[in-house]
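As structure tokens, the structure follows; a few thoughts come after it.
Letters A, B, C, D and E name the chains as they come in the text, with residue numbers starting at 1 for each one.
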Amino acid sequence: MALSCNPTLLIADEPTTALDVTIQAQIIELLMSLQQKYNMAILMITHNLGVIAEMADEVAVMYLGRIVESGTVKQVLDNPLHPYTIGLMRSVPRMGAPDQKRLTPILGSVPDPLAKVEGCAFHLRCPVYKQKGCSGKDVPPLVEVEPGHFVRCLLYH
Amino acid sequence: MMSGMKHYKETADYINKMYNRQSQLDESLADQMRESEKIADATSQWRLMWRKFKRNRIAVVGGIVVLLFYLVALFGDFIAPYTLEQRMTRYSYLPPQRVYFFAGGRFQPHVYALETGRDPITLQRTYVPNPDKRIPIRFFVEGAPYKLFGLIPARRHLFGVEEGIISLFGTDGQGRDMFSRIIKGSQISLTIGLVGVALSLLIGAVLGVASGYYGGWVDNVVQRLIEIVRSFPPIPLWMALTAALPQHWSPLLIYFTITVILSLIGWTWLARQLRGKVLALREEDFIMAARLAGASDRWIIFKHLIPATFSHIIVISTLSMPSMILAESSLSFLGLGLRPPLTSWGVLLQQAQNTQVLLLYPWLMLPGVFVALSILAFNFMGDGLRDAADPYTV
Amino acid sequence: MCVACCIIDDHEKGETRMTGDNTILEVKNLTKHFPIYRGFLRRIVGNVQALNDVSFSVAKNETLGIVGESGCGKTTLIRVMMRAYEPTSGEMLFNQNGEMINIYSLNKRELKELRRHMQIIFQDPLSSLNPRKTVLEIIGEPLLIHGVARGQELKSRVSELLDMVGLSVKHLERYPNAFSGGQRQRIAIARALALQPQIVLCDEPVSALDVSIQAQIVNLLQDLQKELGLTYLFISHDLSVVEHISNRVAVMYLGSFVELAPSAELYRNPKHPYTEALLSATPIIDPDARRKRIILPGELPDPSNPPSGCKFHTRCNYAEEVCRTTVPAWEEVSPGHWTSCHLAKTLSLRGVLK
Amino acid sequence: MRKKALLLLLVVVIVMSGIGINAAPKYKEAPELAKLARAGQLPPVEERLPKEPLVVEPVESIGKYGGTWRRAFTGINDFHAFGRQVYDTILRWPRDPKDPIKPGLAKEWYWSDDGKVLTLRLREGLKWSDGHPFTTADITFWWYDIELDTNITPAPHPEWVIDGKPMELEVVDDYTIKLKFPKPNGLAETVGLAFHGNQWPLGFERFGFFAPRHYLEQYHPRYNPKATYELFEEKAIDYNTERPVMTAWKITEWGPGATRLVAKRNPYYWKVDPAGNQLPYIDEIVLTLFEEVEALNLRAIEGGIDFQFRRMSLSNYPSFMMNKDRYGYEVLLWPDAVPSKLCYYFNQSIEDKGLREIFQNPKFRQAMSLAINRDEINEVSYLGLGTPRAFVVVPDSPYYDPNQEQLYAQYNPELANKLLDEIGLKRGRDGYRTRPDGSRLEIIVEGMEWDRATTDEMELVVAAWNEVGVRTSMRTSSRELYWTRACGNEIQVSTWVESRAIDPMVDPIWVFPYDERSWMAPAFGNWYASGGKFGEEPPKYIKEMMDLYDRYKTTVDRDEQIKIAKELLRRNAEGCFVIGTVGLVPNVVVVKNDFRNVPETFTTDWIYMAPGTLDPCHFYFDR
Amino acid sequence: MLSYIVKRVLGMIPAILIISFITFVVIQLPPGDFVTSVQAQVAASGGGMDAATVEALRARYGLDQPMIVQYWRWIRGFPKGDFGFSLEWNAPVWDVIAERMGWTLLLSGLALVFMWVVSIPIGIYSARNQYSLGDNLFSFLGFLGLSIPDFMLALIWLVFGTLVLGIPAYGLFSPEMVDAPWSMAKFLDLLKHLWAPVVIMGVIGTAELIRIMRGSMLEVLNQQYITTARAKGLPERTVINKYAVRMAINPLISVLGMQVPKMISSSIIVGLVLSIPTIGPVFLRSLISQDMYLAGSILLFTSVLLLISNLLADLALAWVDPRIRYE
């Protein structure tokens, strides 16, 4: 249905969430073939890092309504910079890496989206925040640390 | 301030290191971290419900009106200036009196004395207030004796007059104060709903929960029963059943039988709702968890299912009150329900079922206003409760 | 009652077993069919074969992972194991002080007693906690039911449990809705541990949680296992989590086990085409490792009308004639590595690259 | 309006005569009938009318033909709404109750000297509405094939049975018939021929003295083996539109579920006005069905009814008065011959022996009567239009005794209390009296729901009795249930809207325990009616009254009858057998301004089939 | 589909039998019988009836037989369309109520139509303008309608309409039109009488329907396919009418079955007050006079009407919403 008007941009909002891996694979395959066929861009929203790694060219990581890091998939996944991205990568078990004996969780939980967090939205859960005054009034700006790789963290200022 | 662009990898390493250290942090820090998480107050489901309910302005107003109605009904004998037996035949069909609050600049509530007469042509009663003769309204006056709550003998009334008459809502043909009659009527009209709902609840809750929880043949039998009862249109069935009442029964017995009849039909809705609720609950993991913890059926029904449906029961009861009140007044109106000397809003309305009442004595329709008001209030309150009752949305 | 079966001939039964004494749980040929009724007379017209001839055993202090897609029978397995459903056939033996007791032959009271040793953690921490009960009531419920503790003692026991799962005692009087998902799951874990069970069935315990929270719970489960010497049966559809936490992993398809092996072995060296497909379909967080996925054609067959022969043959890329006609045997292809595939020995399948 | 005015009200002298009018040269008829007659579809009017038509003396004036009389009724049970407009009997009640019985279908009648044979002479040439001659055969058919056929009528009407023997008929010729009894029959003229003597032996009322033999014979199993009694009943019933009638209008439209009843002019009707116009003047009567009395009243208030008093409620009087000019009608108040609108029977044969003893004490009943404030009731319930009085016949009655009018009917609570103290009903600490043995005294007044006014009245009476220390409560129920219980001797104090106050002897249920409907003692009444087979034997003071009535029944001497009736009524009044409150409460009569021949005032009594004696056939529209 | 209908209809037969039996028992509950009530009627107008007549009448009507026999006498005629004999009207039950049944159905049906016609647009409006002044106003008006008893509305209308506005407030036709043959004038006359009772009956249920429609519309408007439809650039009108309303109307259809009994009840009461020839007045009368076959048949008919309306509602639901399957 979504393709009935020959779009140039397809927004896929969690298209694979709640699907089994085999079906998920089918969908990914389908999306990718469609992309080639129609030569369109895909904006994919997902929480599955694996899917991103498999599909995306570029990635933006969001935390509490803000992009905290963005760049090419390689940049972000191979070289995560923001504490949240790093934490995320570290808390996910990776298949085929049995040497990973223990996961590193991000402590605490995502705050109520209605609650106002001042300063860096992640500072409450950030393992380093005490070292720097991240809880100030202003939201840290997005900094381009290498070409195309942006991060919103005071540590990189 | 600037770590420099080149050093970003070092920063990332630093963050990683901190993560590694964090995993070795002692529990107290973890605890502290968790404390910072969003944790609502120690809120029970009831408190949550109340908080949500409070936010709904109309529902609160409805609730206050309902509460007020019941308070007035409870203290009716005290609030009403007259008893049911008091007839002031001199003042039959007296229109509602105007109350004046100030006399000579002083707060002194009073009414005017009335000159009574009859219109020579239409033979209608006429009442001419005499502004020169003020009758002060007194509070906590001695009046006709009554028994508060049917127990405590008393003579004091909230307000009254020492001579003449005080009739806020006018009088009926026998010169009985409508204000007092409406209050007395509320005692029956409002309780008939309560008792009826309570009985419906009893039947509906037992059958509904049993049918939902046990399923199988129990469910089947109950469902068929409900189907059959529901395949009768309510008013005709009520009519047929109340027509069957031996009318020489004592008023009290009639009153209770009517509530039983009302609830005989009312319970199906409740049972259905509860069954659905229980069916859903039965599949909830916490029921499974309790069962796996070794809980017996009884434990599950009484510790989990019934409390879980409690808010629903309250909502459903509130929402079925209007139909009970309406049913009572409709049946009484048709002459099939309660009869004088029992005084309910329906009975009062039945007596107002006259063209001449509407044309000449419209204040006799006031009980209808109270029926409507109470239904409105119950509906508003029930709606608010329903919105507030869902425990899963905060 | 039941001292049913002390003599078990492992090899003939063809089931995986660790050494006798070490076995805590043994499931034998467990089958569950749900009848389908139709028509006015409610005749049985068919069966949904939710669980088909499943056999395995679990050793003490081990974590056995079970993976499979939705509808494969994971949940049915758990429910049958907890005896929420009666099985159509098969038995489940539980090691109680060295005696293997078939739980399906127990009466109500004995069952209640036995259940103390076997508890469950559900997937959805929201629905598994009664929203109307306080933490104290929820965690204390099993203790009350079994008459283990009450009053002040109950309170202190529950406090201990809360502490054990990393929650503050201050939370004792709060209601579930005051907690975050991770915390709720901690409460659920505390409840499961209240009766000091030996084995805990974890039914997708982290699937409903936020990615960043999953790790907390996984770690907690691992810590508790170490601390209390627990045995886990860890059910999930997430292959990476299962790999991370499990000693051995079983793969289910359409109500049957298709493969069972120590996790490293299974992930590197799958012997069943379905396992291979699952592994290849699971996206890996490594942008360099984009692989060719094996796309299984079609959808899961109707469990009330499963395919003949090997149930997987309809979607298998390697299927041969024999797969269509003959049900493959459950065989040990290499030590500790069981599978049911006609072609297990001939095929060379791709595991997860390292 | 005081009841004394009543005497003056009957200003209209009614002359009904079958004698001496045979000289009328030519009769006139309604234009529509004339047209039919000219077309040959009807015989000429002279041939349709009997030799000596009954001449109706107009209340006001000679009328004009035409118009539809709009009335309203409440359904199939409201047969009187139509039935009383067509009062056509063998003999007729006079318009003034003090006058003697008048001729009707019979032009003359006389008793044999011993009072055992009554000879009736019918008008010659009377015809049914289908043109078939009306003869004595229609009477014998009624008597032998309906009244005496137990398949249809289980027992003949009591006025035709003397000492257990049914009357015998002797047909002299087509117009002459003799009624023979073993003893003089004092009820034959009044009850039998004037009250019951109409064409409806079946149906709700089961009144009748004749039936259309030529029509009904074909449905009677005795004459037609294929017929059934069910079919016969269906055909004989009042509402059958096929059935020939002797009335001024004939029902032409009515069926199951219908919402209106239409009756059209009978072309063979046997009455004329003094100018020789064949009656009725009005073409048709249309009764519209109203499910609810209030809607019916509303219909009248907004001028949708031409003339009617039935079902008009007095409490709506102000509304009528306010709207009468707007909608062009007049509102009259006709006194109703009720001794009291609502009356109270203390059941002297109640099972509870203690209560029975108290109720049988005349002093108790007198006290209860004295305790009632009748003026208050009159004001509250009857707009002050009734007459507070004792339960006695109305001044129009031949048995009236002015001395009884206010007997124990003044409001005198002191005297009431004194009487109650005297008979040993002492007041307890709570102010309520106990029985002589000290046990609790509580009486229950029961009634059915009539209307607001009567309920108000009952409540006032109950309050009054509580005032004098007799603990009283009240219950109301539906008519059906109430009736059954009252007749079953189950009610302590019953209430009823009792009429028959012009000639109560026609059906003396309130005079003494006559049958189970005499709620002053249903068990004794049952004993009397069944000749001692059922019920309970009454005490002496009641037996004496029964003997008096036996004497009344078996004399045809009117003076003797009046003497006996007065004696009976004296005993009744002095003993307060029935307690009345407010009587002669007027009926509200709605008359359209152009509706004529309706008198200013007229005493209505249902026994007299009001307004039947006014001859509704001569009402007309002055348009 | 067809077999489903057949199955449902066949399934109604045992239901009708059970209902008829219960009905009969209920109708027989009051003490006394039709003859007693005839007696009382005769008495009320001054006449009398002796014991022998009473017994004979009882035998004639079969009232002296055991209840089960009387019940059998009643139901055995059902297949032939014979619902017994009304003792009071002295006519077959069907003849008495056939026309009234028609009026009852017409009134109830029109009231239902009224409710729908009023509540759907208001529901849509309220959902699209949530918490606006109009939304609040409509829901307040709806609640007001919900809370005023229908008999009171009817009573007020009866007097107000007739005497103040001079509009005919009772009956279905003006008296001069009752007998007239059908014509445009008669039809208009009928409409003039009909609208008020229809509105009176309809207002009670309108509030509920508005609420359901509003809620369901809100839910649908938040659905993804509505967002998709909007994203595709479809005009808002099409989105609302073609997608949203069609889906949102489902819950309305499922309460249709519940609305019917309310309308029937209402038609009885309104019919009584406004003197409309619905089955209401006849029913009340038959209950009081214990005309058992008549009362029983009316109760039975209304119940069957309910069964049928439930069936129709189910079918309509299935027709509108293809997700529902017949099992």
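Note that a residue touches a chain if its C-beta (ideal position, glycine included) is under 8 Å from a C-beta of that chain, and two chains touch if they have at least 3 such contacts.
Since the structure is predicted, the reported quantities are computational estimates derived from the model, not experimental observations.
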Task: Chains in simultaneous contact with subunit A and subunit E - done: B
Open item on the list: Quick check for you: compute each chain's CA centroid and the global CA centroid, then name the chain with the smallest gap between them.
Closed with: E
TODO: Give the chain pair, either B-C or D-E, that is connected by more C-beta contacts.
DONE: D-E
TODO: Average the CA atoms of each chain to get its centre, and name the chain whose centre is farthest from that of subunit A.
DONE: D
- [ ] State, to the nearest whole Å, the distance from the C-alpha centre of subunit A to the C-alpha centre of subunit B.
- [x] 53
Open item on the list: Suppose each chain is reduced to the average of its Cα coordinates; what separation in Å results between subunit A and subunit D?
Closed with: 99
TODO: Please report how many Å separate the Cα centroid of subunit B from that of subunit E, as a whole number.
DONE: 28
TODO: Please report how many Å separate the Cα centroid of subunit A from that of subunit C, as a whole number.
DONE: 31
Task: Multi-chain contact sites of subunit A, meaning residues that touch two or more partners - done: 87, 90, 102, 104-105, 107, 109
Open item on the list: Can you pull out the residues of subunit D that are in contact with at least two other chains?
Closed with: 294, 298, 301, 478, 481-482
TODO: Mind pulling the residue numbers of subunit B that touch at least two other chains?
DONE: 30, 34, 37-38, 243, 246, 353, 355, 359
- [ ] State the interface residues of subunit D toward subunit B in the complex, per the touch definition above.
- [x] 294, 297-298, 301, 313, 315-319, 321-322, 376, 379-381, 383-385, 446, 449, 452-453, 455-456, 459-460, 463, 466, 473-478, 481-482, 485, 490
Open item on the list: Residue numbers of subunit D touching subunit E in their complex, please.
Closed with: 70, 75-77, 80, 150, 153-155, 158, 204-207, 230, 233-234, 237, 239, 253, 255-257, 259-260, 262, 286, 288-292, 294-296, 298-299, 301-302, 304, 323, 478-484, 487, 499-500, 507, 509, 515, 517, 529-530, 534, 606-607
TODO: Quick one: which bits of subunit C touch subunit A in the complex? Just the residue numbers, please.
DONE: 69-70, 180-183, 210-216, 218-219, 222, 237, 239-241, 243-245, 263-264, 267-268, 277-290, 293-296, 299, 351-354
Task: subunit B contact footprint on subunit A (complex, rising order) - done: 79-81, 83, 86-87, 90, 102, 104-105, 107-109, 111-112, 115, 124-125, 127-128, 145-146, 151, 155-157
- [ ] Spell out the residues on subunit B that touch subunit E in their complex, using ranges where they run on.
- [x] 227-228, 230-237, 239-241, 243-246, 322, 326, 329-330, 333-334, 336, 349, 353, 355, 358-359, 365, 368, 371-373, 375-376, 379-380
